[in-house]
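To keep things clear, I will list the structure first and then write my remarks on it.
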Amino acid sequence: MARPTDEQRREMLVDMVTARVQSQRIFNLQRQGRVGTMAPVDGHEATIVGAAHALDTDHDWVLPQYREPIALRRYGPEMLEHVMLYNIGHPAGGHIPAPIRVLPYQISLATQIPHAVGLAWGLTLQDDPGVVLVFFGDGSSSEGDFYEAGNLAGVLGAPVIFLCVNNQWAISTPVHLQTAAESFAAKAAAFGFPGIQIDGNDVDAVYDAVQTARTRALAGKGPTLIEAVVYRLGPHTTADDPTRYVPAEDLEAARRSDPIKRLRTELETAGLWDDDVQAEVEEAALAALDAALEKARSTPLAPDAMLDHCYTTDTQRLARQRAGLLAEAGPGGSAR
Amino acid sequence: MSFVFRLPDIGEGLDEAEIVEWLVRPGETVVRDQPLVEVLTDKASSELPSPVAGVILALGGAEGERLRVGDVLIEIDDGSVDEPGAPHAPRSDSPGSATLPASERPAPEHPAPERPTPELPAPERPLSGARPKASPATRKLAREQSIDLATVTGTGPGGRITAADLDASTTESPAAPAPLPSVDSTLGQIAPGRHPLRGVRGVIARNMVQSWSEIPHIHTFDELDASLLLDLRTRMQDIGRQVTPLAVAIVASCRALRRFPLVNACIESGDDGDEIVVHERVNLGVAVATDDGLIVPVLHDADRLDVFTATAAVAELAERARSGSLAAADHRGATFTVTNYGSLGGRWATPIIPPGQAAILGMGRIADRPVVVDGVVVARPLLPYVIGADHRLVDGDLLEAFKRSIVDDLTEPLRLLVGR
Amino acid sequence: MTELNMLEAINETLHAEMARDDRVVVLGQDIAHNGGVFRATEGLLEKFGERRVVDMPLAEGAIAGASVGLAVAGLVPVAEIQFLGFAYQAMHQIAGQIARLRYRTRGRFDPAITIRAPFGGGVRTPELHSDSLEGQLANVPGLKIVVPATAADAKGLLASSIRDPDPVMFLEPLRGYRGIRDDVPDGEHLVPLGSARTARPGGDAVVIAWSHQVELACRASDRLAEEGLSVRVLDLRCLVPLDLAAIAEAVDACGRVVVTEESPRTGGFGGEVVATIVEESFWSLEAPVVRVSGFDVPYPVGMVEDRYLPDEDRIAAAVRHVLDMA
């Protein structure tokens, strides 16, 4: 079993606390009308952070869905800038600068899974020593793309780690209505590679599972499906009211298994964490977020920016539309 | 000094919310993200956290009240300084209202806008020379009138041929004022039988009917002593200058039209009834005899001309008319017409006022006639003339005064040379 | 110059582009060991090996989705969808992902993806094998749509498509695979995307067409020439980007236009061509633009296929109509 060191675990808790606090602040920003719909990370931190720490950020790609980016601090401070730009709805929010090996938010559920397989395959074709880890939820595993991609990955033996974050709910659909399979991990049998189910709230378990899968992949032994079992502690997104369908007692029980509380208790016991450290980390997290928000809000936006990057160069039609849009904006035009 | 927190859309397309419970009171100090109020939408009940730290100034509504998105929810004194001229607007921010400076990349040079809104049709390309441009409707008209578009000059945008251009190309004179003697052997030649009334003849006929049926004509006839007029012509020729009687008549007419603007007008039917349209400019239609008959090109802003420039302008116009190089614009816009049928012979006539005008001056041939001067019959060169006028606009006294003005100037043309 | 049919031209181009650029990877169903069900990819596996020429499981979504990943990795995937009608199984990846990769990531990645697919009728295929989807695809910003009508253009346009950093739907006419033969330039031959060509000169009217309809339009025009009519045929070659200048020039010169396509009429790309003509060349029109097209029903079964498809007779009748001779 691959165990993270104490230092790594401490780092992971910093990342988890940071993610939680920042996610909650972004949630508030939505309630204040300053960002659009967002998906809070509460309850998923150990899975995301544990996985990220088991990867080599220089070589390994992460393909998120839309809950993970806030917790991918390990891939660099640019991730927070990307998150804020995306959440205020700025076009630049889709750009994660090279060489960061993360793809932007994916709204079309499960479409990133075949991307991950193709990417992993592409890495091997270029003898690039990296693996691809793709996040998706229990709900996404019902999409055709999951099965097509899983099947293809098995055939290709591509170095991809399928990380299914089973948080029990796909908006209001509980897992027992999502699949009749024994588990999501069991679906790997259809693809011809191993599937394992782990406690997603245990960073050590996550770290170990991802490390193991990574080693397998790099040794040419192919993909792994990891099902990380967690509980969604917050709403699906800011537009959701879970009190309508989540049994209160289940939520209560889940809160008692809050991954942050769990790791914090362990680290405090080991003398590696205390209230001061907690306060420091929270304060730093909020300061970083405020700075990223400010930077995002002052990111320039040309009136014709929305026409950029559709093609490498404008088609004739698009060039005329651009001229018309600029003319509409007027000289020194400001974005509408 | 105060931060205005307006009710945001917290649920993807909601437009109002009900205040369920206030969690703070005016005067209370709050910290950032502290829950301020619980609101209820048709999706969920939510607590709204404070965007700023400060002291609550005012609540935007009572519990149970419904607010619309954008209404003031709460005002908080956050200790910031008012920005002059923009007390609240920059502070109550939302994703959609940000006005962000500069450019995500080097600012474009603001290429000259080709059109004001995205992708209106491209500005018309000029005629490439191959085929004439015209709308399908115009083409249909041209086909019906057997007009070859290649022979028509287009005055629309990009050189496009318009229906009016078709009219102008076919119209020799909007209302041919008088029967014309002509040495052309085709004059009046046509085979027995029925012929469709269309093309040039059809346009002329239409215009004649319009004038005849819409304009109640009165005509006044007389002769004036052209001695000084001819004398002026001779004396100018002696010093190498050209002044024709027609040119003098043109200048005289312009002066009279400026003196009596009601004659430089016409009556038009509009949606709200008939209107007297008083023309701003004085554009003179001048009848010119050509091998193909009489045409009436237009001298625009003829009131700028003096007798010398008028002489030259008429000559140039006549030359272009005879060589067939008049443009459609040269046929349009006349506010008054002068027809010198006398140059072809003829003494009296009843010229028909073209549509869009209120009067016409016709001049017959100058000839020696017996007149009585100081009780003795002598021969004097007399210029017979007629002035036709739209009796809706021009009563007898106005006609007389108008006529008097022209006649005085023609009788003593030196008045025109000193009058400018 | 060598006389080739379209299939041979396509095969030759795939060989050339794979040799030229190591990053080119060819993927699809039955394309490796079988050389493609039409033999378009014949010989590639033998020459370039199984790392670069890959038989994919029967999953169009995975073919298209994996292409995204390959492009992110910096490769140049040339994927085959066995018949264009089966692109429906991959639309969420084509329209939702491939077309948007550059736009979403603000240009970080080059989605240098070419998807080849045969389409079009006249060969008695089963359901969905002949459907024309180019009108639907043209409405997806971010894609380029290429529709060669000759073997020479199949070569030149495919080479350009593979080298283009933007995603290209390269649509090959089934009837043209063996049915169209012409002189193909030897060696490197590139036809830029977005330039139409005059397939047949003329001045009384112009037929605007693409893919296999170009051949039929030319035949119809040859027949009309015997009656003294001079009919131009404009081969669009590329629907996106569209050669606006070529369309304007042809309409300005001729004034009478027929647009022909196999697609059902409603929502077909022909409507886009007509709208473009109205916007750009209205003042040159002598007559309304006439469309010849498939009927507004799903592509029919073999027994009635010939009655469905626009043919020389229908094109000629349309030309006569715009010349007011009908």
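Chains: A, B and C, in written order; residue numbering restarts at 1 for each.
To be clear about the criterion, contacts are C-beta pairs under 8 Å (C-beta built on N, C-alpha and C of every residue); 3 or more make two chains touch, one makes a residue touch a chain.
Computed from a prediction, not measured in an experiment: that's the story for all the values here.
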| Geometric centre: closest chain by C-alpha means | C
| message | With contacts counted as defined, which of the two, B-C or A-C, has more C-beta pairs across the interface? | response | A-C
| field | Whole-Å gap between the CA centroids of chain A and chain B | value | 66
| remark: Whole-Å distance, C-alpha centre of chain B to that of chain C, is 50
| What is the distance, in whole Å, between the centres of chain A and chain C, each centre taken as the mean of its C-alpha atoms? | 39
| request: Could you tell me which residues belong to chain A and also touch two or more other chains? | output: 91-92, 308, 317
| What are the residues of chain B that contact at least two other chains? | 122
| message | Taking the touch rule as given, give the residues of chain B at its contact with chain C in the complex, in rising order. | response | 121-122, 124-125, 128, 130-131, 133-136, 139, 158, 160
| said: Taking the touch rule as given, give the residues of chain B at its contact with chain A in the complex, in rising order. | reply: 5-12, 33, 43-49, 51, 93-95, 98-105, 107-108, 110-111, 113-120, 122
| Interface residues, chain A side, partner chain B - complex | 25, 28, 30-37, 88-89, 91-92, 238-241, 243-244, 297-302, 304-305, 308, 317, 320-321, 323-328, 331-335
| What part of chain A is in contact with chain C in the complex they form? | 61, 91-92, 94-98, 103-104, 108, 111, 113-123, 125-126, 128, 132, 144-145, 148-149, 151-152, 155-156, 308-312, 315-317
| note | Given the complex, residues on chain C that touch chain B span 248, 252-253, 255, 279-280, 282-288
